[in-house]
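First chain written, first letter: the chains are A, B and C, and each begins at residue 1.
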Amino acid sequence: MIKDNKYYILFFVVFMILLPLAYVVGLVDINTITLWGRYFCFAIAAIGVDLIWGYTGILSMTQALFFCFGAYGMGMYLTLSNLPAGTTLPAFMTWNQVSELPLFWQPFESFPAAMALALFVPAAFAAVFGFFVFRSRIKGVYFAIITQALALAMFLVFSRNETMLGGTNGLTDFKTILGFDLRSSNTKLALYIISFGVLCLVFVYAKNLVKSKFGKSLVAIRDSESRMRFTAYKVTNYNIVIFVIAAVIAAIGGILYLPQTGIITPGRMSVQASIEMVVWVALGGRGSVKGAVIGALLVNLMYSIFTSLMPGAWLYVLGGLFIVTVLYLDKGIVGLFDQLKQKFYPVKSNS
Amino acid sequence: MLKKILLLFMVMLAFVKPIFSMEQDSCIQIILQKDKVSFDEAAHQICERKSIGDIRFAAAILEKRLYKSQTIALTKYKGNDDYVPVFSTTSIGFSKDSIQEVKLSRKQRLAFSSLSKYCNLISAKPEVRIMGYQLLISKGVLSDAPIVKAFIKEELDEKVRLSAQSALMGIMLRSEDLKDQDEALLQMAKSRSGIFVNALKDYAELNAEDAGRAEKANSIIRYIHRKEVFVNFIQNLFSGISLGSILLLVALGLSIIYGLGGVINMSHGEFVMIGAYTTFCMQQIFIAAFPPAWFDFFYIMSIPFAFITSGLMGLLIERLIIKHLYDRPLESLLATWGVSLMLIQLCRTIFGDVTAVKAPSFLNGGIEVIEGLMLPYNRLFIIGLTAFMVVITYLVFNKSRLGLKIRSVTQNRNMSSCVGINTKQIDSLTFMLGSGLAGVAGCAMTLIGNVVPDMGQTFIVDSFLVVVTGGVGKLVGTIVSAMGIGVLSKIFEFFFQAVYGKVVMLGIIIIFLQFKPKGLFPDKGRHSDDD
Amino acid sequence: MLVVNNLFVSFGGVTALNLERFSVKENELRVIIGPNGAGKSTFMDIICGKTKAQKGSVLFKGQELMGMAEVDIAKMGVGRKFQKPSIFSGLSVFDNLLLGIKTHKNVFSTYFYKLKSHHNDKIYEVAKMVGLIDDLQSLAGSLSHGKKQWLEIAIVMLQDADLMLIDEPAAGMSDIEAEKTGELLVEASKTHSVIVIEHDMKFVEQIAIDKVNVLVRGEMLTEGTFDEIKNNKDVIDCYLGSPDSAQEAKVA
C-alpha cells in the first residue's frame, strides 16, 4: 500500500511543485505548462471513460460529446463576458441576423449559472438518453453504434448556424476569465494548477468509487449483467447512474479545457474524438483509474511530439496504437507493469 | 458532334419552304444593298412582317454576322467558319470570292431590335430554343402569337414544340378574347407545369378586380404547386431508394462479417474507399493506355476489379489483425478503427485529397418519367447494381456449398469445426466477400460523389444503424432496414432540413429498438446469451 | 409456494414446454430429471423471467410471475443458479458474495453502502459452508469449475431466496465435490424451497428426499419419490428406453 502511494506522491510532487517551479525558474516556458494543463483535462475525461467502459464495460461514443457540453458551457459564458464594448450579441449571431440573445444563452451571463448548466446539461442528457437506451437493454456493440450515431447527429446539430452555437467555427476569441487576462502567464499557471487539482480530486473520487460496493457492482455488470439481474439488482438504473457520472466527469474536463485552448468547435465531439479517448484508457489500462490517467497523458504527449516532428506520421502511430493495444496489451501499460512486477518480484497477491 | 450537325441540318430543312420567295424579297434586298433611302422603311416592314425568315435575317444582323454574295444573304454560325445562306441550306451556287460582309451601323442594327427576343427561337440548339419560348410565356405579347404559331408548325423537336405551345398558352392569356384566355387557362391547368406560375401570377394581378378570373388563376397555381410537391416527394423517394441501395451494399458486408465472427469492422468504410480508388485507377489506366473510344468500358471493368481489390485488402487485414478478434466485438471495433485511420492516411499520402471519377457517357442523363420528374441513369444503375449484388449474395449464401459452410459457422463455430469445416478458411473467405461488397459499393459511389480518402466515413455509422435495425446477419432484415433508413431519411430531409432529418431518424431508431431490441428480424428460438 | 398452471412455450413452432400443473411446497427439495431437450432449463428460465411463455400462469407466493421482469422476480425471492456457472469473474470471491447478500439493492443504497459486521459474518459463514473460506480474496474467474459452481450456489443462498432454482449443480464435479454439493442443497432446503435439475442419477438419489419429477419432451411424465420413479415402467421406457440412453444413465 505504501509502495503504491510512493508513486502517487511522486506524481503529485512532479506536477504540483516541480513543473511550476521549473517554469518560475525559467526552465520551461508557459506553453509547456498550458500544454500539460490541457493534458490533465483529457486525463479527467479519460477517468470518466474508464468508469463507463473500463469498469462497467459499456463502450460509449458520447464521452467527447459530454466533454464538449462542458466546454461549450464555459465557452458560452466566456463569449458573453468578453463581448466587445457596445455590443450585446456575439459576432456570429449578428452575422446570422439575430437581433436578440436567444433564451438558452441568457443564463450563461452569470458564471455560477453557466457552470451549473455546463454540468447539469450533460447529466440530464445522459440520464434521458441512458434511460431509453438502457431500458431496452441496448448494450455492448449496439450501444456503441447507437452512441456513435448520436455523436454524429449532435455534431451536425452543433455545426449548424441556426443552432446559435457558432456553427463549424465554434466559440472562440476570449480575452478574460472572471476578470483575469487569459493571455497572461499567471492566469495560465493558475489554470494549470486548478486543472491538476481537479484531476487529483476526480482521481480520488473515482478511486473511492471503484472500491465501494457500487464500484464492485459496476464490474459485476461488466462480467455478467444477467447474473446481476437475477441477484435482484436493477441493472438499468446502475447503467444510467454511471453513464451520468461519466458524463459529468467528462464535462468537468471540458470546462477546464476551454480556457486553456481558447477555442471549441464541433470537431471535438466527433466519433473519432470519443474513440480516441477510449484508446487512451485502453493503452493505459482499462479497469484501472491510474491507467486511464497514464494513457491520456501518454497519448497526448505523443501527439504533441509527433505532430511537431513529423505531422504525416501521427495517424499511422495512432492507428498502430489502437491495433497494438487491442492485440497485445489487454490490460494496458499498467497491466504490463504488473506482469513484469510479478515476473521479477513474485509476490503473492494476498493484500 | 455528328448528332449536332444532323440536328442543325434538320432545323435548317425546316425552313426550306419559305425560302425561295424570301430570297428575292424587296425589303431584304434593300437591307442587303444598304439602300439609305428606303432602309428604315424596309426594316420597319420586316419587323412588322416577322416571318420566320425575317427573324433569321434579323438575328444575323443583330449578331453582326450578315454577309452576302450578290443577292444571296449569307451568315455564319458560331463555331463554324462556313458561310450559309440565311434562307436556304441548299447549295445554291455562290462563289466564295464574291462574299462580302454587310456592315451596318449601330443605328441601322437597332432598327431590328424588336425582333431580338425571337433570336433564341432560331438557334440550332434545342435548349436555347426552349429557353426562348419559356421567356415568352410570361413576357410575350399578343402580337407574338402568329410567329409562335408559325414556329410550332415548323418545329421538329417534340420537346421544343411542347415548349412553344406553352409559350403560345402564355401569350393567349393576354388575349382580348375571353375565350382565348379560358382556353389557355384550361391548357395550363391540364399541363400543371411550373413554368406557367409567373404568367398566372401576372394574370391574377391583372385581373385583380375580376375576382372569379383571379381566383381561377390562383387555383391553377395552387394546383401546380401541389403537383410540384408531389414530384419533389417522388424525387426524394427515388433518391431515398438509391441512398438505401448504397447503404445496403455497405451494410450487407458488415452484417455478414458481424454475424459470422462477432467482429465490428470499423474499417469497412475504408474498403468502400479502396473500391472507389480502384475505379479511379482504372479510369487513369484507360485514359493512358487505351484509345478514347474505349473509355466507357473502364467503369464496367472496375466493378469486378473493385470487388477483387477490396476483397484482397480485406483478406490481408483479416489474416493480420481480425483473426485475433473474433467474438470480441468491442475490441475489434477499436482495432479496426485503428486500421481505418491508417488506411485513410495511406490513401491520402498516395492520392492526395480530392479526385473524381468521370461517369461513363452511357450513365449521363436520365429518364423523365413525367414532366419535372427526372430519374438519373447513374442512380438507376446503382439501384440495379445493388439488386444484382444482393441476388448474387443470396445465391452464394443459400445455394452454394460455401454459403452452407458460412451459415453453419455463423450458427455454431465449434460444431462446424467438428464436422470438418475449416472455420479459419471460412472466416477469411467471408471477410473477403464482405470487403468485396464494400468495394463494389465504393465503385458505385464514384458515380454520385467525389473520391476522397475519408469517403468511407460518410456511410459507416448509417450502415451500422442498418445492421442494428435489421437484425444481425439477416439478409432480409438488412434489405428492409437499409431501404427503410434510406427512404425515411430522404423523406425527413424533405420535411425538415437535412441535419434535423438525421436527428429525427436516430430518434426513430432508438424508439424502434425500445420495442425490438434485436432488430427487425431477430433470431428465434432458445439462445444462451448468458453474457 | 410455487404453483404452475397450463404453461405453454414454443420456439419457432416447436413445443418446448407444455405443463398442465406443477407445484412446490415450502421448504421442499424438488428434483426434476429428464433427457436432453426435455425443457427443464426452459422451465426454470420461465420461472425466473428469462424466457417468456406464450400462455399459462406461474404463481409464486400467490402472485403472478408471468410478465414480470427478472429483477422484480428476483426481488420477490426467486434465486437462480445457471447450468453454466455465471459469476462475476473480475471480482474477488468476497465481493461476489457481498453483491449476493440480501439487502437494499437500489442504486442509492449501494452507492452509500458501508460493510456491516453482520453482513461480513454472514459472508464468512456461507463461505465456510461452501468451502470457499480460503479463497475469499482470490479472483472469482481463477477458481476451478467446481468452486465456481459453489460460488454461484453461495450467491443464491446469500440472496436468501425463498425459492432456489438450481440447474445442474453437480455438472463437472468430482464425486466428492458432488456429494458435498448434495449435502449443501439438502441443508438449504431446510429453510428454503429448492428445485434442482440434474442428470447424474447418483446425485439425484442423494438429494431426492422429497418428490422427483420426470420431464419428457416438454411434458410432465410422472411425479413421485425416487424409488417410485426408478421403478416406473414409463420412465424406464421413455427416459431409459433406448439401450443407448440406458447405457448413458448407468455410466452417469
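FYI, contacts are C-beta pairs under 8 Å (C-beta built on N, C-alpha and C of every residue); 3 or more make two chains touch, one makes a residue touch a chain.
The model shown is predicted, which means the values in this text are computed figures rather than measured ones.
S.K.: Ranking chain pairs by how many C-beta pairs touch, which one is first?
M.R.: Chains A-B share more contact pairs than any other pair.
S.K.: Return the chain label for which the distance between chain Cα mean and whole-protein Cα mean is smallest.
M.R.: Here the chain at the core of the arrangement is A.
S.K.: Between subunit B and subunit C, tell me the centre distance in angstrom, where each centre is the average of that chain's C-alpha atoms.
M.R.: Taking the average C-alpha coordinate of subunit B and of subunit C, the gap between them is 66 Å.
S.K.: In whole angstrom, what separates the CA-based centres of subunit A and subunit C?
M.R.: The computed centroid separation for subunit A versus subunit C comes out at 44 Å.
S.K.: Listing for subunit A: what residues touch at least two other chains?
M.R.: 223-224, 226-227
S.K.: Counting only residues that touch at least two other chains, what does the list for subunit C look like?
M.R.: Residue numbers touching two or more other chains: 82, 86.
S.K.: Using the touch rule from the top of the page, what residues of subunit B touch 2 or more other chains?
M.R.: In subunit B, the residues touching two or more other chains are 530-531.
S.K.: What residues on subunit C touch subunit A, complex-wise?
M.R.: 48, 50, 69-71, 74-75, 79-80, 82, 86-91, 95-96, 98-100, 105-107, 110-111, 113, 115, 137, 141, 152, 155, 159
S.K.: Which residues of subunit A touch subunit C once you look at their complex with the stated criterion?
M.R.: That would be residues 212-214, 216-217, 219-220, 222-224, 226-235, 237-238, 241, 287, 349-351 of subunit A.
S.K.: Inside the complex, what are the residues of subunit B that reach subunit A?
M.R.: 258, 264, 321, 324-325, 329-335, 337-342, 344-346, 349, 461-462, 464-465, 467-468, 497, 499-500, 502-503, 506, 509-511, 513-515, 517, 530-531
S.K.: Quick one: which bits of subunit A touch subunit B in the complex? Just the residue numbers, please.
M.R.: 57, 59, 132-133, 135-138, 140-142, 144-146, 148-150, 152-153, 156-157, 159-160, 223-227, 271, 275, 278-279, 282, 312, 315-316, 318-323, 325-327
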